[in-house]
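Shared between the two complexes below is chain A, which has chain B as its partner in the first and chain C in the second.
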Partner chain A sequence: MSPELVTLHLSQLQKSIEKSKTNKYADSRKRDYHDNILKLFDELNKIDFLGFSADSLVLTKKIIDFCFVSVEFLDNSTLVNIPHEIVYCLEKALNEWDDTNQYIIVTSLHNDLNCFSFNTLLSLNETYYDIIKAVFSISFNHRLIQINLPKYLSQDYLANVVLYHELGHFVDLRYQITEKLSTALNLSETERSYYGEFFSDIFASQYIGEASNYYLDYIAYNDPDSLSHPSTNSRIEIVHKFLSGKSDKILDDLKDATPKSTGKELRNRRNVISDADFRNFIPTILNSEEELHSIFEVGWSLWQGKISEFEVKNITKYEKYQILNNLIEKSISNYMILEKWNSYVPY
Partner chain B sequence: MYLTKDEILSLYESGELTIRPLLSQEQFGEMTLDLRLGTDFLVSFQGREPYIDATGDTEARPIGSFFQETKRLIGETIFLHPHQTVLCSTLEYLKLPNDIFISISTRSSYSRLGLLISSIVQPGYCGCLSLELTNQNNNAIKIRVGAAILQARFFRLSKETNYFNGTRKYACQVRPVASKANSDKELIILQRIGVK
Partner chain C sequence: MEYKPYLFDLFFYSLPIAYSKERKSNNVEYFKEELLEIYKLKIGAMYFAVNQDIQNIETYSSFLNEILNSGNTYYANLFREIIEETQKLITSNDYYSVSSKRFAIVKHLSQFPEIITTIDINNLKKEDFDRLIACFDKHLSAAN
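For the complex of A and B:
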């Protein structure tokens, strides 16, 4: 790697930095993080790479990559871009597992329908943050939980239940739940991956019940065991068992290991609510976080069944899709509005 | 017949009229209901096309492409520039009884700033109301999301109607939606007449 190439890489970063400089965020922690990236960029800009060793150049490239990824996710997490309502629900779930206020959920939107994924780089890889602090004296107070999702589904509240599963991966890796379990049970790498996927499925179903299975059964229909993922049918089955309180070797291992690492139990964290309001074309009043998470289950069960109240009014399938999405969004957004309003009303 | 405060409250309390969220009982006036500015906006801007084609031409650029989406949280502010059209929604999701329609106008305090809205909402409508805000003032106006900028007057019809009988282009919407003028079926007939 030559100094010229690293300089080229830095020049490319400059373009993206300039474009994102004036981003507006609803969450001030993102601004704080972004300001640190700007400071880091300024420091990188002062460097003359000519005298750098090969190792230093490679490290610098990695730091620039770190900035690139940070800006990508921050750019996609402005108020207008981020799927605000569902991320709010995820933040509520996250706070139950980590109340340090250190982690910020950010999203990146991609032109790929199957891109749902979680990446550890900006949340759990402390090496970068340590190097940046040691070399540039810049301390980041927060970490970014990177979740990728398809651009065209960013406002789809049925598909986006998958994001609870991605958050499950973060919680697993943050507390090394399946990693510790893997050591204790002497699991192979594939078995460890399976445990990780099962954990994330169960984690999601604590909040959204069967809804976690519905979309999985569509996007990964009948997928057999692979090196990284257990078969779809086995994933659906373990969630069924968890929700119905049945026993299973892997499920029991995970239920046993989770409190040891996190101090929290894998348990039902939702409160099933009536679908009567949706049938009546109105958003539901949600009275608690448990009810907030349950709204996705209501949407899914209505989508999968016949809604006589809709049929009487000749609602088309497309209209049904739009109406359910709108009602889920408004139910969540009303909960958010009332939460803020009630915390400021002077009585 | 105009409905009075007691009648509007009675409809609300019986569940025949849905208002979600209702942040304050003070939104009920003697014969009106105050409605608040919502969080989502479509702001018009000038792009490559020289005009908005609302003739029903299937080749025309979608009307929505003349608007840019933006969002605010409750309590945040937004600027309305002179003569710029901004589409937004009410914060409240309403569902009206089948024999009640409402007339919407800007509250006097906002009319005096040059913000004029006048609209009718059909009986049985459900959804947030779409608002077409145009600042008639020569100065930009800064307003706050969640502010009660509108008032609705309620009227009772002599018999019930069915909102879902006809085309329902804007039913159950929760964000502002750009004009669907080009989906009016009559425009196809008019276009054929025009070609001849």
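For the complex of A and C:
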């Protein structure tokens, strides 16, 4: 590895950082994180790489990559770009499992329509933060939970229920739930991976019921077991069992291990609400976080069924798609405004 | 692939902007068919995935080298915490009691009780770090 190429990499980072300098965030913690990236860049920029050993150059490359990924996700999570409403719902769920205020959900929008994924790099890879603190004396107070989602579906509240599953992956890895369980049960790598997927499915269903199953059964229809994922049918079945209170070896293992690692139980965290408002084209007034999460089930239930009130008005399928998404968005957004309003009301 | 109208329509109506012009020109059915084919091909692609970048043993090994070569106190304190956690795990064998933040490294080191249990965390010496390197070397040589 040559010093000139590390310098090229750093120049590329500089270009990206220059563009991001004017980013505006609704969450001040992102600004704090962003400022640390700028400090880190300034420190990197002072270094003359000519005398560096190969190991030090490799390490520098990794740190530059770390900055690049951070800027990419911050750029996609500004006031203008971030899908606020769905991230707000995810943050509510996250706070139930980690109330340290340390983790910030950030998103990156991709062109792939199936690109729902979670990356651990900026949230759980402590070694990066250790290196940065040890070498540059820069301490990051926050970590970024990186969630990837399809660009064209960022405002699609039916498809985005999948993000609850991605949050489940974060909670699993944050507390090492299935890793510890896997060690205790001496599971193979594939079995551990399956437990991780099952955990994330069950985690999501605490909030959104079967909603992500509907989507999974479409985009991964009848998929058999693979090295990383259990079959789609087994994933759907375990969620059924969890929601209906039935017993199952894997489900019981996960229900047992989760409180041991997190102090929290896997349980129903939603409160099923009426679809009457949506049928009348008005957003629903949500009275609690449990109802907030349940709004996605209302949307899914109406999407899959016939809505006589819509048919009378000759609403087309595309209009139905837009109306349901708008109603979900407005219901969440009203809840957000009311919460903020109530927090300022002087009693 | 089974055709599920309500789900397929969901995809269809969330189509990227690129399709919108053609949709206006009454080619709706054509594009539905084309899209169905695309999704048949995409089955098995990434769905609900997690990209893990696991803390690796090499990095911790490099921390040890830093301690030995330049006396880095930050890494030394980090290892003090890791060794303390590992000693507790070796005694209790309770994986759930280990802090999640560094579970991977603690679990790895717990495989070397003959080294870990003889280290005095309140009086760490250069020899202790030398012996820890051996725990990593075994892993790294196995990996290679």
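One rule holds in what follows: the second predicted complex is superposed on the first by the 346 of 347 C-alpha atoms of A that agree within 3 Å, B and C clash if a C-alpha of one lies under 4 Å from a C-alpha of the other, contacts with A are read in each partner's own complex, and residues count from 1 in each chain.
Note that a contact is a pair of C-beta atoms (placed from the backbone, for glycine too) under 8 Å apart; a residue touches a chain by one contact, two chains touch by 3 or more.
This structure is a prediction, so every number in the text was calculated from the model and none was measured.
In the superposed model, A:N334 lies in contact with chain B only, and not with chain C. Contacts of A:E290 after superposition on the shared chain: neither chain B nor chain C is touched.
Using the contact criterion defined above for the overlaid structures, shared-chain residue A:D27 touches neither chain B nor chain C, since it reaches no partner. Chain A is touched at more residues by one of its partners, and among chain B and chain C that partner is C. With both structures placed on the common chain, the touch criterion links A:E126 to chain C but leaves chain B unconnected. Judged by the touch definition given at the top, the superposed model places A:F281 against chain B, while chain C stays out of reach. Once chain A of one complex is fitted onto chain A of the other, the partner contacts of A:E309 are absent, as it touches neither chain B nor chain C.
Once the two complexes are laid over each other on the shared chain, residue contacts for A:E96 go to neither chain B nor chain C. When both complexes are overlaid on chain A, the residue A:K180 reaches chain C alone and has no touch with chain B.
Once both structures are placed on chain A, chain A residues 322 are touched by chain B and, in the other complex, by chain C. On the side of chain A, the complex with chain B involves touching residues 26, 79-80, 84, 280-283, 285, 313-315, 319, 322-323, 326-327, 329-330, 333-334, 337-338, 340-341.
Considering their complex, residues 55, 59, 112-121, 125-127, 130-131, 133-134, 152-153, 156, 158-159, 162, 165-166, 169, 173-176, 179-180, 183-184, 196-197, 200, 212, 214-223, 226, 228-229, 257, 260-261, 303-304, 317-318, 321-322 of chain A touch chain C.
Chain B contributes residues 18, 20-21, 23, 39, 69-75, 91, 93, 95, 126-128, 146, 164, 171-175 to its touches with chain A in the complex. Across the complex, chain C meets chain A through its residues 1-2, 4, 6-11, 13-17, 39, 42-56, 59-60, 62-63, 66, 72, 74-75, 78, 95-96, 98, 100-104, 107.
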